[in-house]
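Same chain, two partners: chain A is paired with chain B first, then with chain C.
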Partner chain A sequence: MPNYAMVIDLHKCAGCGACAITCKNENNVPEGMYWSNYIHRTRGKFPNVRYEFVPTLCNHCEDAPCVKACPVGAMYKDENGLTLHNPDKCIGCKACVQADPYGVIYYNEEKPHNFWSDKEEAIEKGTSSGKEVKEKYDAPFPFYNPDRAKTYAGVRPKGIVEKCTLCDHRIKDGDVPYCVASCPSGARVFGDLDDPKSEINKLLNKYSYFKLGENFGTKPKVFYIREF
Partner chain B sequence: MKLTRRSFIKAAGATGVIAVGATGSKPMLQALAESNGTEKAKSMQGEWRPTVCQGCTTWCAIQVYVVNGRAVKVRGNVNSKSNNADGKVCPRAHMSLQQVYDPDRIKTPMKRTNPKKGRNEDPKFVPITWDEAMNEIADRFLELRKNNEPHKFVLMRGRYTYLREILYGAFPDLIGSPNSISHSAICAEAEKFGSYFTEHNWDYRDYDLKNTRYVLLWGADPLASNRQVPQALKMWGEVMDNAKVAAVDPRLSATAAKADDWMPVIPGEDGALAVAMAHVILSEGLWYKPFVGDFVDGVNRFKQGATVDPETFSEKYTYGIVQWWNLELKNRTPEWAEERSGIPAEQIRKVARGFADAAPRAISWLAPGTAMQVRGGYAAMASHALNGLVGSTDNVGGAIRKSSIPTNGIPDLKPFMDDIAKVGNDHKKMDQRGYKEFPAMKKGKSGGGVVTNRLADGILQEDPYDVKMAIGYWNNLPFSCSGASRWEEALTKLPFFVHITTNPAEMTMFADIVLPAAQSVFERLGYIKSKAGTIAWLAMNQRVIDPVWDVRVDETEIPYMIAEKLAEKGFTNILDYFNSFKDPETGKNPANSWEFTEHVLKIMTQPVWDPAIKSNGDQFRGWQEFKKIGVWNSEPYKFRNKWDDFGTDSGKFEFYSESLKHALEKHAKKHNTDVDDIMETTKYTARGELAFVPHYEEAYRWGDESEYPYIFFEHRSRLNREARSANCEWYQEFKDVDPGDEKWGDVAKVNPVDAAKLGLKSGDNVRLTSPTGKIECTVKIWEGVRPGTIAKCYGQGHWAYGRVAANDFKKHMPRGGNNNELLPADYERLSGSTARHGGVTRIKVEKV
Partner chain C sequence: MNSFVPWDMRVTIDLFLGGMGIGAFLLALVAGYLGEPYRLLKKTAAIVSPIAVCTGLLFLISELGRPGRFITTLFNNNSASVMSWGVYLQTGFVIFAVVYALLILKQRDDEGIAGLIKWVGGLLAVGVGIYHGFLLSSNVGAGLWNNGALPIMIFVSSLLTGISLVVVINAAISTNLASSTAANEAAAGKEGSTLFNINLINAVLLVVELIAVLAWLFTLARGSQIMSFGLNNLLSNYPVQWWLGAVVVGIVIPLLLSLYGLKVGKNEQESTTIIAAGAVLILIGGFVLKNVILVAGQIKYPLF
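Let's look at the complex of A and B:
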């Protein structure tokens, strides 16, 4: 079975955020949650200043602390090396959130996408409301992506957690994760870590790399090459 | 509106991640039953449909994934052959999903019931029918025409497709008004000034990034903003592998952050750098001789301070290199430039040498930051002239033009223009173009270009006359123009104003009638022309979903409906004209506004889709196939085809601009004066022949330094869809992808040195005051700006537009402050441009 992983080329990354925005689009991620995220910082002193941008996501660790922490087996490693979450088993205890050193698991404290339940109108009878727009369509919200529900809850309900699945629903159909497909800089490469001929292994052989929180002992599978 | 902000990952660095995990207070099991969309999906049954993204001026051909009538995703059009191919597109395009489904869109025509206008007046809009709206608008037109004053109607155009030929072109002509006023001069006309008066190109350039070895950016931030963002995003890794990048920008921009050299110029002093680089290139003998030529005996006489005899130099494709040296460059040393620009002489030398060493594969990339300044016309010329010195203009790896895109015009309207219209059309335009102080010399013609921002003063001063009626579309002038409060006053003064818009914009709040517009990506028809990476393209805006509301296409359907109503009331000319637009395939006349729209589109684009017409690019089997593909690509650009005749007065690339001399002299003559007087009137310091060469001009600033200690400058966001995306949740959630900016925020970026002096910390609320206005926003202490300057992104500060964009829509409370309320209305007058850049004003900062 494959052991899926990702390489992010920081030299190519332009810090545009398309990965983070399109992840929300693909996975119906509610406001305030960032399955695909980024770290940025500005270092140095004017005029010798460096800006750095590091896109982040679930590291799909080989030794995933969130999986170990989950008391009900809702968080699990699948046969392809992905760290996945079963919403039907999840009891919302947030043990995974506490155990996760990367801050990539989010808890649904409220009903998600409540923007689309809102009845307020900016101009009475002249503009609409979230609720009115939503009710025109047979979907949880107007641009809801039904593909997400092939392998996960299309929208994760209040009271459970949610996280990046590396777009397992797309991988299953032979496609790449949406952040990879939509990165306009071609900075993300997805593939099988166990396949020596995979593009990611070629890159990892060619360049030195680092991983986030290597000292955590989690064996993360998102690799970063070159510099921003 | 309640928008929650859950905590997001904040980590200290790449190798030591500290997680601030999202935590909640209710660890209880929740019923899964309340979820929506947890059902196992049927296989996705969608279709990718082609259209256009007009979130910036790249105008990408894109595709929208439509599932059961819903737009679900967006990607680049896979049929595009430019470098923004592969289905990739910049972050802006994705946000358009939140625009079309924005609950704050206008869903019906509306009428104002509160006659009082002003920011703090509730317009008390009430819904009306399309028929009622058209009835009232038609009556107003007939009233103007009855009184022989149809010229007192103004059409204010903002963003557009080329179907503008109807609402902006033909319609006012047939009504009898010369006042089709475009937004172009708040965009980047001063940039075109630079390339026009050197090489006769009144257009934006394309860039051959694939083959370049040096990219020198003048206030350009191609990884974030116009005019070819996806090509830059795609190519930049390769550019950095093959070339050096230097960014002249007072702010550490997205592109400066990745550049080899960041040159944080003191705002408005860009010209000093450009002429100093030219000085280095000439004095060190680094110019590209196959393009510029050489001294006859091969001995370089460009020695600092030395006047050179023109007879000793033999030029090839250029004109006036020696005059440029003698008049301007001979003493423009890097040391001289260091004092003015704040950039070390050694860095200027290094960049100039690197740039010239790469000749001719070296791009000098001119952008609004350097051009859209009060004295930016000559900075634009100087920075563009560097392409001439290194022979990169129109050359491989350089700054190039675009392949032609064949289109048709619209049928002749003269037979439909009556005497009332003819007389009306003879009046002067309301934007004061061509006045002595507003030469606006588009393509060298005095008054040939628009002075968009001056229209507000024209209306307020009734100069040249009073305006009685206006229609605005796809624009938001009291938000997008500097000196914004003048626009609020001008719109308050207008007796009758119709706004065609998707959202309740600031401008809408002054309208008497509001008409809901079809959203440009998903609901309309239209076509655009653009270019990137040697490919020019024509792509069509198409209706890829059923419109969310009862909307109409602004540029064609609405004028058609007004024409129908005018015909009902006895004035049939416009409808007769519109109904003469035959479908090129069937020969049928239009039966309604939608068919008319299709006919206009088919007529204008026929040269690219008609298989009987051979084009310089993709061939199609016919209209249906073109509609399905959605984009026509040209053949790759052919380099160096302008070298033999640039079209300038001398036919050469002009370092001494005979073309500008000619244009200025004509303008001066029109006003019975001389060029020196025109220079003074237009706030330039040059006198004599200096006015005809690219030269340094000291930055012009409003405000006395003692009262207003800080230079304010603004920049663009990589998420702005031309200030129409602030009502998108994603815009707010990801605003921090602009270096230095904050999610959901509007920050003034202040250097730590100044922050310490002012006793400010990040997050403090401050009032920024200029001599003409004040706004409030938040402080961000940041090293990416120079001490003494304060930077702020344009785009936030909406007090209308919607409930996300505004802090409180109903109370007109902005989210942050709009820069244009702070910036004075000033101009680069030779091009008519609004001078929003170059640190046009000083400000003071107070904690509130």
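Let's look at the complex of A and C:
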């Protein structure tokens, strides 16, 4: 069985944020939530300044505290080393949100994609309301991706959490996660940690790496190479 | 990083009411050994206990995103999840506490299976009391919670608030002052009885609580970056709630009051006032302590 992981090359990353946006498209991620995200900071004072940009996502931790915390086993590790979530079991207790030190689990406090149920027009009688637009489509909302529903809820309902699945619906068909596919500079590399010949193992043996929050003891599986 | 605060005040209310409930139950067990003068105290404590725990659980269930699914927690379990342990501990406790309260109401709490009910109920009460702290301390990213002193602090606070709740209710319901807990205490003091003394119990528990608080603060102050980040957030953003509410009102003043009460124990009127005042302060401080720890503890440690 593979043990999927990701390597992110910080020297290649251009800081464009494409991964964060395309992920929302692929996974029908509601407003305000970013399964794929980034943290950034500017350090130093002119003329000695440095801008640092680190793309983030669920680390699919080997020792995942979110999985330990879930009282009903809705958050679980699958046989491919992914941390996945079962929306039918989830009771919305948010114990996983509390336990995950990386802040990558999101809670649906409101009905997601609410804009498309809204009857209000931006310009009265001038523009269409979200609801009107949606009614022209045979989908929960205009840019809905039906592929997502192959392995997870297409849209996760109100009252439960949601998180990155490393695009399990794509990798089961031999494809790479969409953030990897959409990165214009090839900074994100996806692969099997247990396969010594995989591209990620080549990179991990060539360069030194760090992982976020290693002191949490969660054994994260997103590796950052070529630090600034 | 997502800065959403997952748990709101309903979780504090559950920790507070649930804590009072198990504290009251344990008080009922202790009072049960002391015979007739403490019958009213025992009865109040035993009845209040399941009511408090169940009310707390209702708040907790209403905090779920899918309250209707709460029943699934009984069969979809996870042996690694502290919350899952809590489901079984609390369900078990409520059942035993209700049976015990019924036995007391029927005046049959000294016969037959009552002994077993008391023992199992008592163990479950301790389990629930410890579970409350473990629920918080099991979170690796929460510097304020992730250490061993916190569950002790929460547990002792639960005992103190449980006793205080019963004292306050008892004082309120007994129109005849002579039968109220506080007056009983004073009477017991007069007769030179040292058997049972709320001032003494409170003093001991408050000292233990103070030591746990100090151990907790010291561990965090000298601990990892994650811990000092958590502590710093508490002390700089919630100083009044923590120092004044939780420490001074909830621990220091009640401790001084109970020590003074021990000294003047033979003066009925004074002792009554002291116990009642202390109980009210302990209840206020206990709520503030649990709430401020819950609120301040939910900040995420910055990764970068």
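Everything below uses one rule, namely that the second predicted complex is superposed on the first by the 227 of 228 C-alpha atoms of A that agree within 3 Å, B and C clash if a C-alpha of one lies under 4 Å from a C-alpha of the other, contacts with A are read in each partner's own complex, and residues count from 1 in each chain.
Note that in this section a residue touches a chain if its C-beta (ideal position, glycine included) is under 8 Å from a C-beta of that chain, and two chains touch if they have at least 3 such contacts.
Everything numeric in this text was worked out from a predicted model, so none of it was measured.
In the superposition on chain A, A:100 makes contact with both chain B and chain C. Of the two partners chain B and chain C, it is B that touches the larger number of chain A residues. In the superposition on chain A, contact is made by A:184 with chain B only, not with chain C.
Legend: residue contacts after superposition of the two complexes on their common chain; A:68 is shown touching chain C, with no touch to chain B.
In the superposition on chain A, A:145 makes contact with chain B only, not with chain C. In the superposition on chain A, contact of A:12 is made with chain B only, not with chain C.
Where the contact sets of chain A with chain B and with chain C meet, they give residues 33-34, 37, 39, 41, 52, 54, 56, 91-94, 97-98, 100-109, 158-160, 212-213. Touching chain C in their complex are the following residues of chain A: 33-34, 37, 39, 41, 52, 54, 56, 65, 67-74, 89-95, 97-109, 158-161, 212-213, 215-218.
On the chain A side of its complex with chain B, the touching residues are 9, 11-12, 14-18, 20-22, 24-26, 28, 31-34, 37-47, 49-54, 56, 87-88, 91-94, 97-98, 100-111, 113-115, 118, 120-123, 125-130, 132-133, 136-150, 153-160, 181-187, 210, 212-214, 224, 228. In the complex of the two chains, the chain C residues touching chain A come out as 1-4, 6-7, 63-66, 69-70, 72-73, 76-78, 80-84, 86-87, 138-142, 224, 226, 298, 300-301, 303-304. Residue ranges on chain B touching chain A, taken from their complex, read 1-17, 19-32, 34-44, 67-73, 75, 84, 87-91, 94-95, 97-98, 101, 103-108, 110, 125-127, 223-224, 230, 232-234, 236-237, 240-241, 252, 254, 257-258, 262, 264, 504, 514, 548-549, 718-719, 729-730, 733-734, 736-737, 739-740, 751, 753, 782-787, 802-803, 809-810.
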